[in-house]
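What follows is a pair of complexes built around chain A, which joins chain B in one and chain C in the other.
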Partner chain A sequence: MRKLRFILIAALLLLDSCSGRRAKDLSGVNGIEDLKGHSVAVSMGSSYDLMLSDIGGIDVIRIGLGELLVAVEKGRAEFCIIDQYQAAMLNMESRGLEIRFRNILKGTAGAGFRKEDSLLCNQFNGYLNGIRGSGEYDRWLDEWKSASDSMAYASFQVPVHDKQPGVRALHVGITINYPYLFLKDNRLTGIEVDLFNRFCERMGYAVDYEIYDFSALIPALNSGKIDVILSHMRMTEERARQVLFSDAYIEGGGAAVCRSADGKAVGVRAGFLERMKESFRNNLVEERRWKLMVDGLWVTIRISILSILSAVMIGIAMCRLRMSRMRVVNLPAKILIDILRGIPLLVVLMLMFYVIFASSRITGTLVTVMSFGVYYGAYFSEVFRSGMMGVDRGQWEAGYALGLRKIQTFYKVVLPQALSRIIPVLKGEVIALIKMTSVVGYVAVVDLTKASDIIRSRTLDAFFPLILVSAVYLLLSWLAGCGLGLMEHRINPKSRKT
Partner chain B sequence: MQGLSESIYSNLLYEDRWLMMTDGLLNTIKVSLWSILLATLFGAILCAIRMKTRNWVRGCVRLYVDLMRAIPLLVLLLLLFYVILADSLLSPLWIAIVCFTLYFSAYFCEIFRSAIEGVNRGQWEAGLALGLNPRRTFMNVIMPQALKKIIPVYKGQMITLVKSTSIIGYVAVVDLTKAGDLIRSRTFDAFFPLLLVAAVYLLLTLLLGALLDLIERRITPKSRKI
Partner chain C sequence: MIKVRHLKKVFLTPSGQELTVLRDINCDIHRGEVISVIGPSGTGKSTFLRCLNRLEEPTSGMIEVDGMDILSLKTDISMVRRRMGMVFQNFNLFEHLTILDNVTMCPMILLGKSREEAESHGMALLESVGLHDKAGCLPEELSGGQKQRAAIARCLAMEPDIILFDEPTSALDPTMVSEVLAVIRHLASQGMTMCIVSHEMQFVRDVSTRVLFLYDGVVYEDGTPEQIFDNPQKPVTQAFINRIRTFDVTLADSRFDLYGLMGNIRTFCNKYGVGLRTMEKVEHVTEEMLCQIIPFDAPVRFTVDYSEKTSRIHMVFVLENSRGSILSAVPDDSLSLMMVRGMSDSLSEPEPGRICVVI
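Moving on to the complex of A and B:
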C-alpha cells in the first residue's frame, strides 16, 4: 500500500508540474475589437458577457468569478476580463500574467430595486444626494481608495440595526466581488457594503445579506427573494427594463488579462511542500478564512441531517401511498416518483426556490431541506418498496397464522427482514445525498462548497481549497457510512446473536 | 395565456434563442452517451480486475472505487479541469466525459460485481460439470443470470448520470442547464427556462428508461419465452 501511495503522489506531482502549452501570439491585441478570434473568459451574466456575446466572433467562456484568472493561467482561455480595480490590486507578475488593456465598458454602477419599490429607491437616492452635498461621499471614497490591501477594513464598519419587530429588514442580494463586496475575518465588508450599511444606519433599517450567483440576482429580485441588488451592477439598458436602478454611486471598468509574453511566473518555483504551506496560509489562516470553512461545514452537516430525516419521513409516506391497492392513490404517487426521479435535483431546487416558494420569505436552508426531502424521498420510497416486496408473502401469512394482528406482523415479522435489505441500499443513497448538498450554493446558502468558492474567488487558488473540500466530503461520507454500518449490524438478526 | 406566449417569444424565438437550447441538448446527449459507453466499458474492466486478481492490484481498485464514491462529482470535475488535466489538450467537453467515466465506472464496477457474486456458486460448478470451459460458463451461464440483476440498478444509475451532466456548465461547456441559464441571464425570467429544462430532462430520462426496458425485456430469459 505504501508503494502505491508513493506512485499516486508522484503521478499527481508530475501532472501538476508539467506545464506549457503553445500559446498564440497575443501581442497585437489592444482593444475589444481585437479580441475576435480569441477565447475570453468572463463571469456568467456580467455586463462583459453580454457585450462580448453581442460583438460575435469571440469564443466566450462563461465561468464563475473565482475561476477567471485560473482559466487564463492554465491556458483554458487566452484572456479574461476582471474588474480593473481588482486587477490593479493583484500581483499579476508572480502568476505570469499581465494586464493588456483597461477601461472596458467603463461606466457606473448602482443598486437595483424592484420596479414597484420606488419608495426605497428614492430614499437611497436621497441619501446619496445628501452625502454628496455634505462632502461625506468624497471622504468615504477617498478613504477606500487609499486603503491598501492589508489595511483593516473592519474599522469602516458601522453598526447595523439588529432585527427587531418594527424594524424593516432589507434582504440584500450580493455576489462576492473584491473590493466592492468581500469577506474579511469572516465578516462581510467592502466599498459597497460599507455604503449600504451607512444608508441603513441612517434610515433605521436592518440588513440581511445573502450571497447569490451574479446571474441569479435579477430573477431573485423579481421573484421577491431579495429587496435590493447590491453587487457592483452596471446599469445597462437591458437590465434597466427589469430593475429600477438608483443613482450611480461608483465607477467601474474592466481590464483584460492574459499570460505575459514569456508565459512564466516570475521568481523561482518553490518546492511542493513550500507551496502547500503557502497555500495553507493563504487559503485558511489569513483573514481567518478557516472560519468561513467551518461555518460552511456546519451548514453542510445541518442540511444533510435534516434532509435525511425529512427524506426518510417523506419516503415512508410515499412508499405507503405507492403500495396502496387503490389505483386513485397509487397512480399519482407513481407518477410523482417518476417525475422526481427524472429531473435533476438542481432544477427541483431552483423551482422550489424561485417559483413555488418565490414570494414567501423562507430561508434558503429550509427550501433546501424541503427540496432534498421531496427529491430523495422519491428515491427512498423506492428503496423501501423494493425492500418490502423482497420479503416473502408467506411471512405475512405466517404472522397471521400465529395470531398476530396486521400491525404486529408488520413490526415484528416483516419490517426486521425488510430493514436488513433496505439499509445497505439506503447507505449508498444517503452518501449520494450528502455529496449532492454541494449544489445548495445556488439558492444563497453558504455551505462547504460555496465557502470554498468564496475563498477561491479571493485567493484565486484552484488547487488547495478543492482538495481540502473533497477531503472533508470524503470524511463526511465515510462517517455516514460507518454510522449506517453500525445500524445495519445492530438490526441484522444474524449479528445480534453473537 | 398571453404571459405564456410572451415567455415563449422572449425566451425561445427572439434572437433565435431556441438554437442555444438545441445546441445545449446536443452537448448533454453527447456527454451522456459517451460517458455511459466508456463508463460501462471501464467499469467492466475494473470489475474484472477486482474479481480476478488477488494482490495489491485488487486493493488498488477497491481504493479507487471507494474514493470515487466518496467525493462529490463537481469537485472531481473541477479538479480534472483546473489541476490534473489542466495542461492537456482535451477540450472541456472531453474532460467532462473523462470525469463522468472515471466517476461512474466506480459505481458500475460495484453493480457488476455484486450481481456476478449474487449468482449462486453452484451455477459455475454446473457449467464446468457440463464440460464448458470457464469462459463459456461465464458467458452462457453466469452472465445471463447476472444481467437480469444488473439491468434495473444499472438503469437507475444511468438516469442519475444523465441528470448529473447538468453540472458541466461549471467547466464552460454549454449544456442544457447552462443554455437555460444563459437565456435566463438575458431575459431575467426565472420561471420559463427552468420549467422547459426540467421538461426536457424528464423526456430524456423517460426515453432512456423506455429504451432500457426494451433491452431488459430482450435480455431476461423469462420474457424471451413469450
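Moving on to the complex of A and C:
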C-alpha cells in the first residue's frame, strides 16, 4: 500500500515537472523584480551577470552570448537578458520568442585605458567633450539608433591611418557584440568602432583592432597587449580598480526575452530543409558572413600546418636530448616533457601569451604556433623515441659493420624503419593537434571556432554554425589522416613493393 | 693480415661491477686462413670477434689490420669495416628493403657503383647462394636459413678481404643449419679469409685451417683442427672437446641422504641424455659402493663424469685418509663386488682409497 502511494506521488511529480515548463505562466513577469524565482540566462562575465546576481533570488544561468536565445528556445531558461538594441534588431517572432520588457539593468559604458596612460584617456575625454559641445555627438547617436543595418554601414567609412613612422598605432581590444561592434561584409563596424575611428582620425592615430574574449580584455590591457578596451564595458567599481575609464560615451540597457505566450514559432515553422535554408542564409550569406568563416578556416589551416612543423622540429630536438646517454642532458629533457604533458594545453597557451610574452607585442598566431610546437613537441618526441627504440640494435650494427657511417646508417637503415612505426601513432596526435587549435580564440586569434562564435553572437543561432564548424573540422582531420596514410603507404615496404 | 696483442675487454655491469671478459688475447690471422674460435659459452668468443671490427670498443691492447692500428683515433674505422664483412647470429637484414636492395645498397653508397652494376653483381651473388628467385622478397618472407644466406651475399657484395662469422647458425632451426654451412664451406674452398665463431664442432673441424680455443679470457690452446679435436693438450680443452659433464658431491658420513642423492643423479642423467639402462647401472653401482663396499669412516668425495661424445660414464669414489686399499679389504666373492663388476666395463683402484668405475 505504501509502495503504491509512493509510486503515485513519484508519477505525479514527474508529470508536473514535464508539463511544468510549458504550463508555467510567465505573463505576470513584467519587471526586473518579477524575475525572482525564475531561471534567467545571461552572458557570462557581463555586467548583467553581476547585476542579476546582486539582486538575489534569481536562478542565473551563465552561458556564452551566442547560446542565450537558444537556451530560451529549448526551455533551458525561462528568460534571457540581451542588449536591447540587439534585441530590437532580431526577428524574435520567427523563433517563437518575444521581448517581455526592456530598459532594465541600465548602465553607462566607457573606454578603458591603462592606469598610467592618463594622457591618452584625457585626449579621448577631450574629444568626447568637444563633439558633445558641438552637437555632433547627438546627431551621430540618433543616426545610429535609427539606422537600418545597411545605412549604418554605408554612412561610416572612416579611413584608417596606415602605419607610418611617427604615427602611433593604438591596439584596441574588442569583443564582437552587435550593434556596438560587429563584422559586416567581413569588415569591422558598429557604434563604438565608428566613434573610435573618428577619434583616431582627429588625433592622427593609426588603429589596430584585435578580437578578444570579454573576460580576457582586462588582463590583455594590463599586460600591455592592447592600449584600449573598447567593448561597451560598463564602468563598475571593481573594474575601475584595474582600469582607467574614460567618460561615459554610451548608455545601455537590457531586454528580457522569453517564449511567446502560445509557445510556438510564428510563420516559418516549415520543414527541416526550409529551416536549414533559412539558417544558411542567416549565418553565412547575410552580411557576407561566409567571408569570416573562410578567413577563420585559413587561419586554422595555417596555424595547424605551422604548429605541426614546429612540433615535429621541437619533437626531434627533444627526442635527441631525451635519448642522450648523458644524464645531465636526458634528465632535464625528461622532466620538461613530463611537465608539458601534465599541463592542459590551454593553460600553456595562456601562460605563454599573458605571462611569458606579456610585454612583447607578439601576435597571437606566433604565440599559438610556439605553444603548440612546444606542447605537441613533447608528445611527438615520445612518439619518435618509441619509434627509434622499436628498431633493433642489430640494424645499427649491420650498418656499421658494412662500413656505413653513423649518419648514413641513421638515414638509410634506421629512420625508414622507425618512420613506419612512428607515422601511424603520429596520425592520432596530428589530428588531436588540429582539433586542439580551436582554443586559440583565447589569445585573440580569429580561427574557425572563433569565427563561428562571432557569427553566433550576432545571429544568436547555435545550431547551424556549430554543425558547420564540426563538419569542417571533421573534413580537416580526415584530410590530415589521408595525407599521413599516404605517407605510411609509401614508407611501408610491403605496399611499396607491389 | 690481422694482428691482435694483449686485447682486453672489461664490461661494466648495470650494477656497476666490472666484468672482465677478455683478459689478454694474442693471435694473428693470415690471409687465406679460416680461423675458428671455440670455447665454453660466456668466454667472450663473440666479444673477441666484435672487437676486431670495433663493434665493441676494446678496453686496452692493440689490433692491427694490414699494418694499421685500428684502435688509434686517427683511423677511420668505417673505411676499415668496408674491408671486413660480418655475418650476425640474428642476420640483421635491413627489414625495410628487399633482398636485392639489401645486397646493393652499400655498394651503391660506399663503393660508388651504379644501380645497374650493383644489381647485376648482386643478382650474381644471390644466385651463388641460391636465392636469385627471392631477390624481390622482403626479409620477413624468408626462412631463417635463407635470411642468413642473404646476409652472406650482402657481406660479399662489399668484396671484403675477410668475413667475420658470429655464430651464423645459432639462431637457426636444425633443419636449416646445413644450407648455411654449405655456403660457408663453399667460400672457404674459394680461399676467402674467414674468422668463425661456432658451436658446430664437426663443421669447424672440416672447414678450419686453425682453431682457437678461448677460455678464461685468453687463447687457452690453439692448433690445427686435428691437434685440437683429436689430441687436445690441456684439461679444459679435453673436457670441452669430449663434452664432459660432471656431477660432483661430498658425503660427510654414512648417514647421508641416499634418496636425495639418487634423485640428483637421475636429474643429472636425464639432463644430458644418458640412456635408461646406463642410468640404472649408475644407480646400482652408486648404492653398492656407498652402502656396502666403502667403509664410511671418513668423508667420501663422489664424482660422475659423462662424456657426451663417447657416451661413457666415469665414476670416481675417493675416501679421504684411507688406511689402505678398499677393494682388497672386501672378499672377492662378495655379492656387492660381483654386482659392480658385472654392471661396469672396468673397476680399478689406482691408488688406495680412490676407486674408478667405467660404465
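Observations
Here is the rule we go by: the second predicted complex is superposed on the first by the 454 of 498 C-alpha atoms of A that agree within 3 Å, B and C clash if a C-alpha of one lies under 4 Å from a C-alpha of the other, contacts with A are read in each partner's own complex, and residues count from 1 in each chain.
Just so it is clear, a residue touches a chain if its C-beta (ideal position, glycine included) is under 8 Å from a C-beta of that chain, and two chains touch if they have at least 3 such contacts.
Please read these numbers as outputs of a predicted model, since none were measured by experiment.
With the C-alpha superposition on chain A as described, chain C and chain B fit side by side in the combined arrangement.
When the shared chain is aligned, chain B comes close enough to touch A:347, but chain C does not. In the superposed pair of complexes, A:405 makes contact with chain C only, with no contact to chain B.
Of the two partner chains, chain B is the only one touched by A:474; chain C is not. Applying the stated contact rule after C-alpha superposition, one finds that A:397 touches chain C and leaves chain B untouched.
Of the two partner chains placed around the shared chain by superposition, chain B is the only one that A:219 touches, whereas chain C remains out of contact.
Judged by the touch definition given at the top, the superposed model places A:420 against chain C, while chain B stays out of reach. In the superposed three-chain model, the partner touching more residues of chain A is B, compared with the other of chain B and chain C. Here's the short version: in the overlay, chain B gets within 16 Å of chain C at its closest Cα pair. Taken together, the two complexes place no residue of chain A in contact with both chain B and chain C.
Every residue of chain A that touches chain C in the complex is listed here, in rising order: 392, 394-395, 397-405, 408, 412-413, 416-417, 420, 491, 493-494, 497. Across the interface of their complex, chain A is touched by residues 56, 59-60, 63, 67, 69-76, 78-79, 81-87, 89, 92, 156, 159, 163-164, 166-167, 170-172, 177-178, 181-182, 184-186, 188-191, 194-195, 197-198, 201-202, 205-206, 209 of chain B. Per the touch definition, chain C reaches chain A in the complex via residues 53, 55, 78-79, 81-82, 84-86, 88, 90, 92-98, 105-106, 109-110, 136, 138, 154-155, 158. In the complex of the two chains, the chain A residues touching chain B come out as 1, 3-4, 12, 15-16, 18-21, 41, 44-45, 49-50, 61-64, 67, 70-71, 74-76, 215, 218-220, 222-223, 238-239, 242, 338-339, 341-348, 350-351, 354-355, 358, 428, 431, 435-436, 438-439, 449, 462-463, 466-467, 469-470, 473-474, 477-478.
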